[in-house]
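Right, one structure below, let's go through it.
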Amino acid sequence: MLKDITIGQYFPGQSAVHRLDPRMKIILTMLYIVALFVADNFQGLLLSAVFAAAGYLISGIPLSLIRKSMKPVIPIIVFTAVLNMLFVEGREIFRLGFLKITLEGVVLAVLMVTRIICLIAGSSLLTYTTSPIALTDAIEQLLVPLKRLKMPVHELAMMMTIALRFIPTLIEETDKIMSAQKARGADMESGGIMRRAKALIPILIPLFVSSFRRADELALAMECRCYHGDEGRTRMKQLCYAPRDFMALGMLAVLLVLVLLFNRIFPSMY
Amino acid sequence: MDAIISAKDLVFSYPGDARLALDHVSLTVGKGDLVAVLGHNGSGKSTLAKHFNAILLPQGGVCYVDGINTADEDRLLELRSRAGMVFQNPDNQIVATIVEEDVAFGLENIGVPPDEIRIRVDEALTDVGMYEYRLHAPHQLSGGQKQRVAIAGIIAMMPKLIILDEPTAMLDPRGRAEVLETVIKLNREFGVTVLLITHFMDEAAACRRVVVMDDGKILLDAPPKEVFSHVSLLKQVGLDVPQATEIIHELRRSGINLPDDIITDEECVEALSSLLASSGKGGGWA
Amino acid sequence: MTAIETKDLTYLYSQGTPFEKAAVDGVSVSIEEGDFVGVIGHTGSGKSTFIQHLNGLLRPTSGQVLLYGKDIWEEPKKIREVRFQVGLVFQYPEYQLFEETVERDIAFGPSNMGLSPGEIRDRVREAAGFVGLSPDTMQKSPFELSGGQKRRVAIAGVLAMRPRVLILDEPTAGLDPKGRDQIFHEIAQYHSKTGSTILLVSHSMEDVAKYAKHVLVINDARKIAFGTVDEVFSHTGELVEMGLAVPQITKIFAQLRARGFELSPHVYTVEAARRELLRVLGKGGAQDA
């Protein structure tokens, strides 16, 4: 039931995109987002969209999945589009009472929406092609310089790993607790907000209590396996950059340069 | 001395509890021993086990594991790399998101070089029969498989002693059989010293030495055959005996002459065969 | 009178996809009121999924569940009422405790039934009595209690609903021999005092042999057998093949019979074995001292 929730929606594969170093993928995603926001005309955005589409093609992730990741963002998209269409000055093309829609507004709306779609598509590609563990490792490695600023990088990474490890287990447990309380007549469907919130207590309390106990036992087990923080710790899996990582970086650099170029050549949309 | 565990006169009580969880307990375990510690809940068996890797420190007496005094704070990590522990709850000792990374956890903690970690992880997983599951996520495994992964995580550290604290209490019969088989194999094939805390007498029967505890004291410390002959005593302290042992005991109580050291099905069948045959009760081959 | 009955009960996972799988496949069984039925099957056989249909936690893909002759899904909106009549105690039930006091936790079921405070108090007291909880534990927080005590509280929470059918999924899982004996003793007493129908899911064939009258065997989502303890357990070979652990003593007797000794095939407990052996030996045996 609840077990059908997949976190991160990782689709394993062997494509070139999959095999990029996860640190590089994070960096590439960030640079891509920069490119998207730097581009201020249709041509730049189109180029970025094509770039993302190419990424999907190479990785073998179906483009239709983008629609799925769009769902939660639809309100924002609609809101942005409407704002732009109604409140941008320019040549009027439609009027409904005191609301007027301008040509410039429509153009801007389309471009804004395109930007948002590319943004979602690009960052989703990261989570579709990179496993949560790889992402956690990558984030930990990238943040290493912050250790000098006394930031608990290793501890944060350990927290993320353990959280990821226990999510499916906790979901299973929640399922069991819900079944047990339903078997005693708990009603989780009916009633207003207050009633439904109260109905969650028989689920949340056992879950919290058991989670604290788990944490206790896990900590003890970790200490018995000589865990003592980051000091002197080695890693079995080492992340290594390969030539393809630098090639990908190069391609993204080219994208950025072109975008900046297009900004020069073509008129801005603003 | 070849002793892996050398515990003398251990005394321990939990905070807020008046009674002694360990009441002047002494125990010696030699290298390569396969020892079961049998007792009902509250007998002190888990408390005793937790003294051997310094989860608990004795309030009286002294405990040496592989020559290290467990109370020596400076050598704690060294102690724990030599005495590994497998806990009861299969889920709450697996840290990583995939099997092979969890097996590597202990080795990473003690700073073993990455290449060597890889080799030892693969070996450990093969030894417990879980190599093909090395890329699985823990929640995809059965209880017995999770416990085997936990065991692999400990043996990868190549400890002198493995302590298993009721490792099968939460498992189904198949899982229990898997874990017991693995543990016996580790002792028999690799000479690992094993201390198995349990309340299942079939597990104790498979070990070479059984220590029976009750009320914080050691009642019996002998090979399984000898221990299980004390049927009434075991029942008194809330333990079971194998049915094979019990039926022979019952017949002996009715005055029938039978050997008093029977613990396995086969031995029981042999003994009853002879009995029935010699009393002229038919049967082809006795 | 038939208390609970299933007709061709089937439950499919991932229906319509290539991964479609039957967790329960066409199980039909009829259980009389007051019966004590042991439900046995290897892990993954579908027995846990099956029992969750009996109190309406799961809805069959096809087939029916009848409680005292009435299809429990006839009025889906009233399915909660079925759960008050068919009590289900899950494995490790102590993990579901949540209230501030033992008394209030046991009262959870009855209060969901909409009973009066007086009625609830009575039921809580009665249920606590069945599981041997002393009155001074009632005001304690359930989290202060030992594992065995907590389990008793959880079981009492279901008994307090006075269900006509009580299903227990491995009620002794994780307990030591003493704890196991106590819980079974309490269940047997509950059964004889209330005359309710009991279903006990267990891996321990010894325990099933000791307490149950009938046995339901489930293997690979199907019902393999439903009969008296004698009828089912005499098929030792087949049960072992299904991965079920036949009582040690039964296996010993089977081996002795294979050697030609004429012994009863209906021995599942040590007590029965002793009587049988003494009976066989008593007739002309020269061994008795």
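As written, the chain order gives the labels A, B and C, with residue 1 at the start of each chain.
Criterion: a residue touches a chain if its C-beta (ideal position, glycine included) is under 8 Å from a C-beta of that chain, and two chains touch if they have at least 3 such contacts.
Everything numeric here is computed off the predicted structure, so don't read it as measured data.
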Chains in simultaneous contact with subunit A and subunit B: C
B-C or A-C, whichever has more C-beta pairs in contact: B-C
CA centroid of subunit A to CA centroid of subunit C, Å: 47
Rounded Å distance between subunit B and subunit C, as computed from the means of their C-alpha atoms: 30
Multi-chain contact residues (two or more partners), subunit C: none
Residue ranges of subunit C in contact with subunit A within the complex: 52, 55, 57, 80, 83-84, 87-88, 90, 93, 95-98, 108-109, 112-113, 143, 157-158, 161
Complex interface listing, subunit A residues touching subunit B: 132-133, 161-162, 164-165, 168-169, 172, 213-214, 217-218, 220-228, 232-238
In the complex, subunit C residues that touch subunit B: 42-43, 147-148, 173-179, 203, 206, 243, 245, 247-249, 251-252, 255-256, 259-262, 270, 273-274, 277-278, 280-281, 284-289
Subunit A - residues contacting subunit C, complex: 173, 176-177, 179-187, 201-202, 205-206, 209-210
List of subunit B residues in touch with subunit A within their complex: 53, 55, 77, 80-81, 84-85, 87, 89, 91-98, 100-101, 104-114, 117-118, 121, 137-139, 153-154, 157
